[in-house]
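In the two assemblies presented below, chain A is common to both, partnered first by chain B and then by chain C.
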Partner chain A sequence: MKNTKFNLFIKIWLLCTYAIIFIPILVIIIMSFNKTPFGMLPFKFTLEWYQLLFEGSNLFAATILSLKLSGAVAITSMIIGTLTAVGAQYVPKKVSNLLMSVAQLPIIIPWLVQAIALLLIFNLTGLGRSYIGMYFGNLIVVLPYCIMMVIARFNEADRTPEDAARMLGATYPLVFKDVIFPMLLPGIITGGLMSFMVSFNAFAMQYFLAPFGVRTLPMEIFTMIRVGYKPDMNALASIIMIITIAFVLLLNKLGYSASRLMKSK
Partner chain B sequence: MTDNEKPISKGGTMILPSSLLFLCLSLIPLGMLIFFSFIDGNINMSGEIRGFTIENLTRMFSSFTFTKLMFKSVGIGILVTVICIVISYPTAWGIAKVVKSKYKNLLMMLIIVPFFTSQLLLIYAIMVIFQAKGVIMTLLGSLNLADSSTSILYSNLAVIIVLVYEYLPYMILSLYTSIEGIDDNLISASQSLGAGRWNTFKNIVFPMSIPGLLSGILLVLVPVTGSFVEPTLVGGPNGMMVGSLINSQFTVVLNMGYGAALSFVFLIILSIIMAVIKKSINSANKSIGGME
Partner chain C sequence: MNNLIIKNINKSFGSNQVLFDINFQVKKGDFVSLLGPSGCGKTTILRIINGLETADTGSVIINGKDVTNVPVEKRNIGMVFQNYALFPTMSVSKNIAYGLKIRKKSKKEIEEKIKWALKLVKLEGMEDRKTTRLSGGQQQRVALARALVIEPEILLLDEPLSALDRKIRAEMQFELRNIQQNIGITTIFVTHDQEEALTMSDKIILMNKGVIEQESDPFNLYNYPKSIFASDFLGKANILEGVLKENKGEWYIEGEGWKIDVNYKGGKSGDKVNVAVRGEHFKVENEPFEGSLKFIITNKIFTGTVCKLFGKIGEDEIEISIMSLKAEQYNQGDTAYVCPSKKTTLYFR
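And then the complex of A and B:
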């Protein structure tokens, strides 16, 4: 084949790109087992940072708070996202297009600006920095993902069973329960998972909207990097990254492709 | 769709909760930035406003800091976008057209791992490998290229490296989606008709990848221009960007009125950039449609 040389070049380029993406992640994981606290060379094996992490480090409390926050946000986002996707089937095309373009705002506009606009409004209404404000701030940036994931199911799925059920005389609630909901379920679950991940990492929203003195995990990491980090952070970072990679591989096993997941962006 | 296909006419009301949320938590707050631009000093937590002034706007346009940082931020945005394009194009091509199709999905999923990882952890990972006596500096030191006890962290270069690392996946994914859609027959037809590799690229591949390229630019340029975490953490004293200036009005200087004015003007500039890119995407899509 005449393209062999060119293809070899492309393959080496590919290898380098993956190296750029994964070497920093791999180094963190290796360094979490290193005895020198700040990830410097030379390497000596130890487990003490993992021990430190699990024996009362303040990273743990922050992790729990982040899990609770993202869980609440993801559940709300799944419910409202599903409602919106179903409702969008029954409004004129113009209205649903308008809604979709408005929904894209919170993901395109830098979160710094979005968060500041919210902080100002919350201060004006007297709500200020609060848990409820932080919850709403996270919700508004994850909701678009969830809506798009569920709408994608509507667009991909075969709609004939629905029509058949209706023609055979099933009432709408019954059609929804037995036909539409099962059809949407994969989209709802993926939308929920994505909401969870995005909310878990939405640093800017939490940084500006969290109550004073309360720190979520990304905020805790931010503070640690600024004031000089602690070695148990390597351990925590490794755990989170391994969970993330496992999550992505799981989605791949479930048949999700990157393009389908990220189309909403 | 005819009317009798609509099972319940009130089904449309289901979009109300999210419409309300987008209105109250996104559109209104962003629109209100104009109003907040005229506030004198801070709004405290109970919502009291000290007074109104136009000083925020006059100060912004008379001070060099904002203009300088604005230009610098857009410049860094463009630079990071260009670096991402250079790295991503061959990569996206490789995944779409060179590797075996059964590996495509897995390779693309691995590319988006950083998207699901916390931005802070990505920054932290880069800091760990680039720190003094870290992996990269030790390597450079042993090759006598640099002193291993120094580091490139806390500079504009470090900010650019971190931003490229963070936003690379968005560019690869956008390009991949476009390149993957190019019909292989078009490419081989062009080549069997005697067009060289460069001509095929120039006349077939590149024009057809423009929509993906543009959406990649939108996804990288806009957020990179608005970044504030990276300059704060790895930028050092000279690494400020417009985002860090806005951030400091809310967390350090506590002059929210001025911060709102900065955000408002910044938002306008970003909207112009976004509008231009979106318009180009539409016309690019149309011209490809015409070619087929």
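And then the complex of A and C:
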């Protein structure tokens, strides 16, 4: 058949695409177990770098700071995002559509611009570089994810159970607790997890807004890269990778595969 | 005693008026269908009765109490939704118990009521099932049980059977009617399916474009419709244009190449009228008989119990239904002699 050749070509193309994405990740995991610090062969197994990471490296402290920051940001964004999405249900459709497109702007506007603008404002108000400023900066860029995830739940879920609950005698607070909140929960959790990941990665925001002398993980890595680094970073990268994969699996389990996320946007 | 009174209801959405001065009353224990094509306003009436929608004018009176301004959650009305609207995160028994918990009933009473309701809808032993694991018919039963345990003043059904397949729908029609009669609850049933309305109702309120066309029991609505819309919506009717005429006290309608006798129901000789005859109200013979019309068969369609014969009387096309076995003798191109039954032949100006 004529198509077989073309099919084979497509398959190879697909394989190459995936290879380009995943080979570097695979290499970094392998290198985290390699004895030589220069990323060279032959491969000799060691756990030395993992040990260094937990005992003698700056990376560990920076990681904890990043986790704390992202955790706080994710929780706040879940709360504010949910409330925003709920509120948008009770204003006229035109208004809510406008509000929602404005709410998505922080994703589109380059973070660099936003970070500089925020720094400018914080300096003007006398706050300057601070933990609280960094927290707000991160929050701003992740909020849209939470809002969108919760709105998506509203749009795709069957809304009649709310009417049913009211007809059975439930007042609005009860309807919210028993029907609306359980319905939104998968969206809220997904939004939270995405917020966490995005915030964990938000180098520009952190670089511009962090207090002097304080370094989150992305900043720490950035600094290390410039002066040369040890493979303890590979070890850390591997750990982050494993946790991220676990996240993705969790999201999938909640019914939010990549294709669904694309659709709901 | 009247259980539900609807008085002078008008309702518009923006500039689009969907209900025009709706008035009707429902007797206690009656099963009343609101029947009409989609967009006729029947669901809006239902939503005004249950309070999810507010009318622009008029009032809703339930058991002598004006509830027009009472919020949804205080009306104590049971409702079964088209898509069931079960709470997906709750089990069957939790769904049913929901209204009772809000009413702060004791644990014991709730348990007893759940048992009673599950028995009523024949779902014994399903208490702990997830509702998402149930079939459409079973979900419908849970929804019905949930609506009935709160002992509502009236029960509203919003096209509850439309999502079920044909066989289960027939079963549910029968069972719904049974349950309704057993507990004697006043029920308003919204449907666009005329067969459903005819088989289940004590009374049918036929609606079209926001007004009530006719309000009657199923038999009379079907056999003696008061308008062209009514005769055409409830089962297909042949509607022919003609002129009303009189000859020695006998009235008939004359069209292009045909003449049909009618019982006089107003109008004067020479009036232009539409005559409506149902396909199954024709007498069909092989030979001419008194008052018969020549019918040239142009097509024949077998539908199961009955056969449809399409053909011409004079210049007009009509459709006649006869029992399939009798139709065996007729083929395309044949000529038969037909006469509509005078009693059920109606004309409208």
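Definition applied: the second predicted complex is superposed on the first by the 256 of 265 C-alpha atoms of A that agree within 3 Å, B and C clash if a C-alpha of one lies under 4 Å from a C-alpha of the other, contacts with A are read in each partner's own complex, and residues count from 1 in each chain.
Keep this in mind: contacts are C-beta pairs under 8 Å (C-beta built on N, C-alpha and C of every residue); 3 or more make two chains touch, one makes a residue touch a chain.
Since we're looking at a predicted model, the values are computed, not measured.
Aligning the two structures on chain A places chain B and chain C next to each other without any clash.
In the superposition on chain A, A:174 contacts chain C only, with no contact to chain B. After overlaying the two complexes on the shared chain, residue contacts for A:248 are found with chain B alone; chain C is out of touch. Of the two partner chains placed by the overlay, only chain C lies in contact with A:182; chain B stays clear of it. By the touch criterion defined above, A:142 reaches neither chain B nor chain C. In the superposition on chain A, contact is made by A:102 with chain B only, not with chain C.
Once the two complexes are overlaid on the shared chain, A:166 sits against chain B and chain C alike. Of the two partner chains placed by superposition, A:209 touches none, neither chain B nor chain C.
The larger set of touched chain A residues comes from B, when the choice is between chain B and chain C.
Of all Cα pairs linking chain B with chain C in the superposition, the shortest spans 5 Å. The residues of chain A shared by its contacts with chain B and with chain C are 166. Interface of chain A with chain B (complex): residues 6-7, 9-11, 13-14, 17-18, 20-25, 27-28, 31, 38-41, 80-81, 83-84, 86-91, 95-96, 99, 102-103, 105-106, 108-110, 112-114, 116-121, 123-126, 128-129, 136-137, 139-140, 143, 147, 166, 172, 175, 197, 200-201, 203-204, 208, 217-218, 221-222, 225-226, 229, 233-234, 237, 240-241, 244-245, 247-249, 251-252, 256-259, 261-262, 265.
The residues of chain A lying in touch with chain C in their complex are 158, 160-161, 163-171, 174, 178-179, 182-183.
For chain B in complex with chain A, the touching residues are 6-9, 11-19, 21-23, 25-30, 32-33, 36, 43-47, 49, 87-88, 90-91, 93-95, 98-99, 105-129, 131-135, 138, 165, 168-170, 172-173, 176-177, 180, 197, 218-219, 222-223, 225-229, 232-233, 243, 246-247, 250, 256, 259-260, 263, 266-267, 270, 274.
Of all residues in chain C, only 50, 52, 72-79, 81, 83, 85-89, 98-99, 102-103, 143, 146-147, 150 touch chain A in the complex they form.
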